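Scrolling down, you'll hit the structures one after another.
In what follows, subunit A forms one complex with subunit B and a second complex with subunit C.
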Partner chain A sequence: MDEMTIKMIIAICYVVFAPLIGGLLDGIGRQISARMQRRVGPPLLQPFYDLGKLLHKDPIHVSPSQNFLMLTYLFFVILTGGMIFLGMDLLLAMFLLSTAVMFLYFAAVVTGSHYSAIGAGRELLQMVAYEPCVLLTCVAFYVVSGSFETADIISGNISPIAYMPGVFVAFVFILTIKMRKSPFDISTSHHPNQEIVKGITSEIGAKNLAVYTLAEWYETVFLMGMVAMFVINKNPWSILAAVLTAFVVYFLEILIDNSSARVKSELMIKLSWTVTLVAAGGNLLVLMFMFG
Partner chain B sequence: MYKITRSPWVMHYDGSSCNGCDIEVLACLTPVYDAERFGIINTGDPMQADILLITGSINTQNAPVVKQIYSQMSDPKVVVAVGVCACTGGVFKDCYNILGGADQVIPVDVYVPGCAARPQAIIDGIVKGIGVFQERLEKLENGTLKQEEKEDTEEKKEED
Partner chain C sequence: MYLDYAVPFLICFPFLIAVLLLISGKSRIGNAFARIGAVVILITSAAFFVAKLMNGFSVSDRLFTHTEIADHVILGGEILLMAVVVYLCVKYKKYWISLLSIVPTAAIVYLEQTAAAEEIEHIFLDRLAMLMVLLVGIVGSLIIIYAVGYMEGYHNHHKEVQDRRNYFLALLFMFMGAMFGFVTCASLIWLVFFWECTSVCSFLLIGYTRSDEAVNNSFRALWMNLLGGAALVCGIIYFYHTVCPTLSFRTFINIIPQMTPSIGVLALIPVFLMAFAALTKSAQLPFSTWLIGAMVAPTPSSTLLHSATMVKAGIYILIRLAPLMNGNITGTVVGFVGGLTFLAASFMAVAQSDAKKVLAMSTISNLGLMVACAGIGTPETVWACVFLMLFHAVSKSLLFQLVGAVENSLHSRDVEDFHGLLYMLPKHAMFMFIGIAGMFLAPFGMLISKWSALKGMTDADNVLTVIFIVFGSAVTSFYWSKWMGKLIAHPHKTKQVKDVTEFGEMFSFWIHALIMLLLCVAFPFVSGSYVGPMIASDDLMRYVDPALTTGTMFVLVGLLLLVFLIPLILYLTEKNNASTKKPAYMGGINTGDDNGFVDSFGEEKILWVSNYYFEDKLSIEKLMKPCQALAFAALLIIGCIMGAIALSVIGGVM
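Showing the complex of A and B:
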């Protein structure tokens, strides 16, 4: 098989299986959360039941442009993941992700609802909080492997995490912000009995919520893929270790989600920038001396 | 045809109430009653909701709000009135600004009695509502629902 066919197969597998894995992870997450709160919790396949129902509901929109904006958001999120799994430029993928978030922002503000507007504004703040760390992570990968291409990053002799443990810590920290988990669920919340109802998803309607959920599942999968990238090296067995690491990180996110209350946005930015600067920045300085 | 039985999403509106029933609605979501095990989720967006849960009575100020929320929900939809206030007006019935129960402004499908309604009763009411929803969905897909709704609204107009 030539390289092109292999890439096609990877791309198709990603587009088809990522939402299945993402939905299952979501279901597992909801079950673990329920057990942590001593509840029975919803069935494992609940996220799929919800998605199916949302897709079947009669669409009512506040604004017709919202459909287009949400679909574009989904498209860019899928594209971001595709680039990462196809071994393409990591930096470009991350820029695509920022573009995707802009579409989500506009989809929320076109509704004219105060709640979604506040949620959208806060989504931008979240972006401000995690973006520096994402960039530093890309740079650190470049310094270690000499390339921004994910295919080169994962084919080193030693796992990148050996050189960049600080960057890994910072990345896991901002993952909580990126995945909108408590204590950093400031742009949206899991329950609507709070001050901004559901924030950015308050007014997007049933079908668009389904699109948002799908995008979230794709996002979970490629973010976990990025976590795995820290561990994978030339040895095929490292993939197993990487999957395990991704599971541990996902469990950690749920644990943090369940054991903390939402913080104010200023504190979020201060915390994430401090962690980014100290852990990721410090690590990067050391790397530059080592590889410089 | 899809089944909502597995994921009924609820929109909760609090009218003129003493907040007793609202606390009980929230109690349904706590670990003790764990409504989420039936897939019940409390949502803030009427466009995403299947069931409208109303607590408290209807007064002159919230009547248009309730009507608007109801109109923003897509068909089929079900209304569950929780507590005697939402059923009939309850203890507030004789106040100068109270119109009565939720059925004064929108069609109600399930009445959950009690002051305050117990969480078990509320969950039971929602489960009954799911049955009504599924029935209505079948009718909607056969094309017989619209006719009935029309008759409903005509009746309402005559009353007005």
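Showing the complex of A and C:
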């Protein structure tokens, strides 16, 4: 098979299987959360039932442009993941992800609902909080492997994490922000009976909510893919270690989510920037000294 | 070659139009002069560029070696500029500022009179110079076409300001003439003249309204720019007496790298002084305040100052100096000041709700990035710098003009008042949306350039600048996206807005938006066939190392198409799909049009959410002083080092 066919297969596999894995992870997450709270919790496949139900409802909107904005958001999220799994430029993929998030932001501000607008503003703050670390992570990968392309990053002799443990710590930290998990569920909340209702998703319902959920699943999958990238090297066995690492990180996110209460947005920025500067920045300084 | 007479034409013609405008007094014929003049300049510069393109930009000819008459004119011009400055300084009792004009002018005149006769070229037209000619020619003339319409609306809206629009337009033309001279001249004496010319023009433009604020701000701009001019003159005199007795700018650039090993850091002193001058002109910290103050002037002048000309003059000089700054202390400090400015100005932009101030802070911030790229001075960062300059000029010029036009119709330029602009002035909002997207979103030009800058800095192992960039660009996305959100937000008031935008203004928007998109699409081509050879030329970096591979650039073009096509296709398909409208959740009974709720007394309460500004932490008042101090300290340290070296050498000689 030539390279093109392999890439096509990977792309199709990603588009088809990523939401399945994402949905399963969501189901597992709900069960783990339930056990932590001494509940039985929903069945493993509940996220899929929910999605199916949302898709069968009559489509609704508050502002008509929400519909196409949400679909565009989904499209660019999928594209971002595609670029990562196809071995393309990581930094470009991350920039594209910011563009995707912009469409979610637009879909929230066009509605006129103030809960939605507050959530949208806070979503931007979350972006400010995690963006520096995401960029520094890409830069660190580049310094270590000499390329921004994910295909080159995962084919090194030694796992990148050996060189960039500080960056890994910072990345896992901002992952909580990126995945909108407590204590950094600033822009939205798990329960609608809180002060900002559902934040950025307040006015997103039925089909649009299904689109949002799908985008979240894709996002979870490629974010975990990025976590795996820290571990993968030339040795095929490292993939197993990487999958394990991703599971551990995912479990950690759920644990943090269940054991902490939402903080104020300014504290979030302060915390994440400090961690980014100290852990990732310090690590990068050492790396440039080593590889420069 | 006859073709090269286009340069004297481009320099002199704007001055001629300026004189015509000044003579025409208050008469409406000025508008016609300005429009015709702008179109002529637009066509000439574009045609000149194309003609040079056909010729392959040969730089073998030494152009204009015998220029006795022009030299006399320029000498006269220098003295005239000094006289204008001194007169206004005396009139407004700012006596000390006049010293900054008198002393350098006297010094440069003395140098010119005592310098040994030599045969040097006075005009130098390589790809960089031609690129600047094109940029100034196209963006500058579009600004003037826009300005003619704008001033009509401005004077209807601001009755308190004396109507001197022909004088204003004349200044814009002089500015352009000076800019053409500045980017093409190869004589250091001419360079100083055109430099001072842009300083004085901007000073007069800022003071146009003659209000107290305008006068104060214009003098602040004046002293900062004259200080830069003084540094430039010092650098030239030092170079002439210590390094090499010539007044050729081209020799200056080419001889210093050869001299450095033999006479050490000494040859870097003139480079530092010139870079310092460029920092003042590009409004870098600690000199950023003049550019913020320049906002009191009518919008076309801010546009001209910020996008096409004034601030780009500094960047132009820094690109020329880039090979001399690579890897030495001057470059390190310039890179630091630029990176710091990028970060600090983007923070300060967050706290602004006045649209023009956001644009000003964003300009300073982006200039900082360009300065940092030039200061680090590897072929990769210079490549990024050139693209940053190109994309920034077009996008920023578009945005400034839009804010001006919206202000004339809406009578406000507060971003909070742009809430729902899409429903009030749809065309303006769309253009503004594209302009802002061009400033920060993937995969538009500015972001690509920022990305290549990041890569270039990483390759140069400059951790500090990398950190400045990653934090700065996160904050940059924040202040732009919150502005974009306002444009498309659901409107909370139904105010009818009368659109007073003239045809000329609309024309200018269209051209800008088209150029911006074309540049993005033609990006790989522009890089491969123009910017690449330009950087690889012997007068610049000698070899080229594009930060992005051609393959990546084509991926970017593909993405650009997707960013437009996907929303469009989805919009068209979703429009026909059945979907039920529901009222938004208001925490009470919705008023019916999603902008408020009915309270317990049956009254309608209108609600909307304003943006985050963090004024208590990020205001200019809070941040400017410490950042200025930091940048000043960096400059002071290098100044002391350079001074000590200079003194020790003079001591050694004696």
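We take it that the second predicted complex is superposed on the first by the 292 of 292 C-alpha atoms of A that agree within 3 Å, B and C clash if a C-alpha of one lies under 4 Å from a C-alpha of the other, contacts with A are read in each partner's own complex, and residues count from 1 in each chain.
Keep this in mind: a residue touches a chain if its C-beta (ideal position, glycine included) is under 8 Å from a C-beta of that chain, and two chains touch if they have at least 3 such contacts.
Model, not experiment: these values are computed from the prediction.
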item	value
Contacts of A:141 with subunit B and subunit C, given as first, second, both or neither	neither
Contacts of A:114 with subunit B and subunit C, given as first, second, both or neither	second
First (subunit B), second (subunit C), both or neither touched by A:202	both
Partner chain(s) touched by A:163 [first = subunit B, second = subunit C, both, neither]	neither
Contacts of A:41 with subunit B and subunit C, given as first, second, both or neither	first
First (subunit B), second (subunit C), both or neither touched by A:57	first
Contacts of A:102 with subunit B and subunit C, given as first, second, both or neither	second
Subunit B or subunit C, by number of subunit A residues touched	C
Shared subunit A surface residues [contacts with subunit B and with subunit C]	58-60, 62, 115, 197, 202-203, 205
Complex contacts: residues of subunit C adjacent to subunit A	441-443, 447, 451, 454-455, 458, 461, 463, 466-467, 469-471, 473-475, 477-478, 481-482, 484-486, 488-490, 492, 552, 555-556, 559, 562-563, 566-567, 570-571, 573-575, 577-587, 593-595, 607-609, 611-612
Residues on subunit B engaged by subunit A in the complex (per definition of touch)	2, 4, 6-7, 9, 26, 29, 31, 34, 36-39, 41-45, 47-48, 50, 72, 74-75
Residues on subunit A engaged by subunit C in the complex (per definition of touch)	58-65, 67-69, 71-72, 75-76, 79, 88-89, 91-92, 95-96, 98-99, 102-103, 105-106, 109-118, 120-121, 124-125, 127-128, 131-132, 135-136, 139, 142-143, 148, 197, 202-203, 205, 207, 273, 277, 281, 284-285, 288, 292
Subunit A to subunit B touching residues, read off their complex	30, 34, 37-43, 46, 49-50, 52-54, 56-60, 62, 115, 191-193, 197-198, 201-206, 209
